C-alpha cells in the first residue's frame, strides 16, 4: 500500500500538483511558507519605492498607470498571503515575522528611487527580473502557489512593458530626460542582477527546492536568461549597460558579463542597505497606525455576529 | 499726604512713566496685562502665516530676510512676555490662556498666505498697520511696555520696507508676478483696515485706556492715518486699492474710504475665520510636542542646583 | 475662457486633488485590502479628473497636463475639503463619505445634462462614486460602532471636516449662467439626509459647526494646497516642454 | 566644471540643506527662546550657503539662485545627514552636534587654505558653528541627563543619526586633486573625541552602527531630498527667468 508520503513523491515525480489537503513533508511545507511569504512581503514592501513617485509623476497618464501598478502589487500580496495560508499559517503571523525582521523580502527594494526614471527602470529591470524568476514558478509543484504565479506573471509582464515604455519616452526626449534614464540604468543594473540570488556555487537552498519541483532553474541560469533578454532592449533604448565586460558570444549565443559584487548583496540582505531601515519602519508604522482600525473592524464584526445569534 | 494712588494719577497726568514697583489701579494692571499679552500672542501666532513661506521663498536672499523677520517676531514675543511679567503674571500662564482660547491675538493672522506676494503684502500692510498702532505705544504710560515698543517699532519699520520692496520687485517683474501682487493687495486690504479694531462708536475699551495713557489715538484716527500713508505707496507700486469709494479729499488732505465689513471682523474674533483653528492647533501642537523638552531642561537644572548645593 | 471651461475645471480639480490625497494612502493603509480599495478609489478619482480636464482643455487648446501641472494655486478651483491633509483613517472615511455622497448626487443630475461629454463622464463616474459611498459608509459604521477609540476618532473626524461641507452646495453666478451646470444648492437636503442617516447608524452624534469655510471655487484655498501642488508639479515644471 | 566648483558646492549644499531643515523648526520649537536660537542657527547656515554658492557660481557664470533653485536632485552634493527629516527635538540636537562639530573642524582648517574666498568664508563661519556646537552640546546634556523620557529620546536620536556620520569623513579623488580642499578623513579622530565626550557626559551610551550610509557627495541621496527640493524650488521654477 502507498503511504501518503509515497503519493507526495509520486505526484512530484509525475510533475503533478500538490494541493493543500495532500500530505507533504514538513520541509517542503516550511520551504514553501518561507518562499511564498518572502515573495508576498516583497510585493508589499515593493509598493514603497514606486509609491514614492505617485504624487510626483510628471503626467496624469503616468500617474494613473503607476497607481494601478502599485495597487496591483498590493493585490499580488493578497494572493500570495492567501497561498501561504493554505499551508496553515496566517497573514498576521507572517506580517509579524516581517515586522520583526525575521522574514526577508527582496533586497532590490532597499535601494532608493531618486528620479522619475527609476520608475521606468524598476518596471523594466526589476519586473523583468521578477518575471524571469517567476515564470518557472507557474509550474511549481504546489498548486496554490503555481496558480497565484500565473496571475502575478501576467500582470508583471504588463508592468515590465510599461517600465520599458517610460524609459523609451525619456530616451527619445530632452537630453536631461535621456541622462536621467541612463543614470537610472547605471544604478539599477547591478542590484537587478543580484535579484537572482547568490551564484550557484554559494546557493544554499537550491538543491532540495529543485528536487521538490519548487525551483526549476539555477540562479545563474536565470541570471543569464535575464541578461540575454535585457541587453538587446537596452540597445533599442540607446542606453549603455554599465558593464565594461559585457560581450556577446557568437559561439554560445549568450552575453558574457561581469558578476555583480555579491558582498554588497550579502550586506543588504543582512540589513545594511540604503533603505532597509526606512522600508521596514514605514511598513511597521502603517501597521501600527492601522491597529485601531483593525481592532474596530473586529469589534464591529463581533457585535454583528452577536446580534445575529 | 499723597496716597500711592494719588501718585499714580499724578504721574499719568504729568505724562510720566509708571514702573513695575509703582502703585497702580487693578484695572490698569489688568488692562495692560490683557493688551500686552494679546500683543505678545500676536507676535508668536504671526510667525505662522509668514513661516509658511520660508521653505518656498523664491530666492535665497528673500529666504534669509524672511527667516530673520520671523525670528524677530519670536524676539518681539520674548520682550513683550517679559514686559507682561513685570505686572505679576508669567509667560506660561499667558500661553495657557492663549492655548485655551481665553486670550486673543490679532485677527489678521487668521487669514491664509496663499502666494509669495502675500509675504510682501503682510510686510507692507500688516506691519504698516502695526506700526501705526504701535508708534503711539512707545509713549505708553507703562514704562516696560513703552520701552519694548520702541525696540519693536524700529524692527517693524524695517520689516515694512522689506515687504514693500518685495511687492515693488513683483510689480516691476513679469505679468504673472504683477498679478500676484495685485491679488495679494486685494485679499489683504480689508483685513488690514480691520487691524485698527471696531469703529470708535463701537469700541469698548478705548475711553478708559485713553485716560490711563495706554491708548493715545482712537481706532478711526489710526485707521485714517494708515490709509493716508498707504494709498500713495500703492500708487508707487502701480497697484489698485480694491475700494471703489476711495477718493482723495483736497479740503481735508485725507482719503475718504469705504468702511470694512466689521461683521467679518467680529466673526473672525469669535473664532470663525479661515485659519483660526489651524493657527491655534499649530501653536498648541508645538507647545505639547515641546513639553518633554521643557521638563527635561527643568529636571536638568534642578539636578545642577542640587549638585552645587 | 468660457463658463463651460470654468465649470468643468471645478469638477476636474475636485477629482484631481481628491485623487492626490487618496493616493497618499497607498502603502500606508491599515490593511492590505484597504491598500487595494483606496487604490481603486484613487484611480477612479484620477480617471474622472483626467476626463474632465481633457474636456476643459479641449475647449481652450490645452491638455490635461497643462491644466494639472502648469496652473498656479490661485487658478485651482477645487473644494477645500479635497485638499486638506489626510489625518487618520477616520478622517479619510469621513471625507470620502461627505465628498462621494456629494459627487454621487451631482453626477446623477449631470448625466442627463445637455452637454454630451459631461453627461458621458458623469454617467460613468456615478457608478464609481456609488461604490465610494458604499465603502465609506461601511467604514463609518465599523469605526463609529467599533471600539471606544474608533468611536472617538470617527466622531472627531466627522466634526473636523463638517465645516468644509458647506462649500459643496454654494451656488454662484457661473452656475446661474451655465445651463448645463448642476446647481448644487438644491442637493443639500438629500445629501444631509443620506450622510446623517449613516452618522446616526454609526452611533456617532451629528456634527455641528458655527463656521463654514469657503473660497475654493474662486481659488482661495487653505495653506495646504500649495504644498500639495509643489509636490504634484515639481518634476513637470523642472522639464518644461518635455513629453513623458 | 572645475574641481574648485565641485568642492565649493559640496560645502554650500551641506549648509543650504541644513538651513532648510533648521528653518522648519521656526514657529514649532519647544519654547520661544529656541525659536530665536534655531532661527539664528538657520540664518548662519543659510548665510554660509549663500557665500559658498555665490563663489561656486562665480566660477562658472551662475548665481546662487541658479544653483539652489535650478539644479536637479542628482546634482546636489550635500551629506545625507543634512537632508533627513527633522524628527523630534532630540534628533535636531543630535544632528546639530554631529554636523556642527564636523563643520567646525573643517572650517578651522579651511580658513588657512590658499583660496582667499574660501578662507574668508571659513573664517567667518567657524565662529558661527562654534556657537552651534555649544548650543547642541548644552541640549544634548540637558536631554541626556534630564528626565527618563528625554534620556530615551536623546539616546534614540544619537543612534538613529550615527549611521549618517561616516559620510562626513570620506576622502575621494576630488579631495586628492584639489590642493585647497580640506581632507576630512584625518578630522575624524578629533570629531569622535569631541562628540563622544559630550555623549559620555550626557549619560547616554555611545552609539554603534554596523552600516554607514554614503552617496551624498556623488548625488545619491535619500528619498527625502526630492520632497525637500520640490518645496524649495517650486515657486522659482514656476516663474522661470523672474527676479524676486
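Chains here go by letter, A, B, C and D, matching the order in which they are written, and residues are numbered from 1 within each.
Operating definition for what follows: a residue touches a chain if its C-beta (ideal position, glycine included) is under 8 Å from a C-beta of that chain, and two chains touch if they have at least 3 such contacts.
Predicted model only: the values in this text are computed from it and were never measured.
Engineer: Which chains are in contact with both subunit A and subunit D?
Structural biologist: A chain counts here if it touches both subunit A and subunit D, which gives C.
Engineer: Measuring centre to centre with C-alpha atoms, which chain is farthest from subunit A?
Structural biologist: Chain centre farthest from subunit A's centre: B.
Engineer: Roughly how many whole angstrom separate the Cα centroids of subunit A and subunit B?
Structural biologist: Result: the chain centres lie 58 Å from each other.
Engineer: Could you put a whole-Å number on the gap between the CA centroids of subunit C and subunit D?
Structural biologist: 41
Engineer: Return the distance between the CA-based centres of subunit B and subunit D, expressed in whole Å.
Structural biologist: Once rounded, the distance between the two centres reads 34 Å.
Engineer: Could you check subunit D for residues that touch two or more other chains and list them?
Structural biologist: 72, 230-231, 234
Engineer: Which positions in subunit B are in touch with at least two other chains?
Structural biologist: Counting only residues that touch two or more other chains, subunit B contributes 56, 176.
Engineer: Sort the chain contact graph into one of these: line, ring, star, complete or other.
Structural biologist: other
Engineer: Among all the chains shown, which pairs meet the touch rule set out at the top?
Structural biologist: The list of touching pairs comes to A-C, A-D, B-C, B-D, C-D.
Engineer: Enumerate the contact residues on subunit B facing subunit D in the complex.
Structural biologist: It comes out as residues 44, 47-48, 51, 54-64, 67-68, 70-71, 74-75, 77-78, 81, 91, 116, 166, 169-170, 173-174, 176-177, 282, 285-286, 289-297, 299-301, 303.
Engineer: Which residues of subunit B touch subunit C in their complex?
Structural biologist: Checking each residue of subunit B against subunit C gives 49, 52, 56, 112-115, 176, 183, 187, 267, 270-275, 278.
Engineer: Contact residues on subunit D for subunit B in the complex?
Structural biologist: 16, 20, 23-24, 26-36, 39-40, 42-43, 46-47, 49-50, 53, 64-65, 68-69, 88-89, 141-143, 145-147, 149-150, 153, 231-232, 234-236, 239, 241-244
Engineer: Over in the complex, which subunit C residues touch subunit D? Could you list them?
Structural biologist: Against subunit D, subunit C makes touches at 72, 227, 229-231, 233-234, 237-238, 240.
Engineer: List the residues on subunit C that touch subunit B in their complex, please.
Structural biologist: These residues of subunit C touch subunit B: 72-74, 210-211, 213, 215, 220-223, 226, 230.
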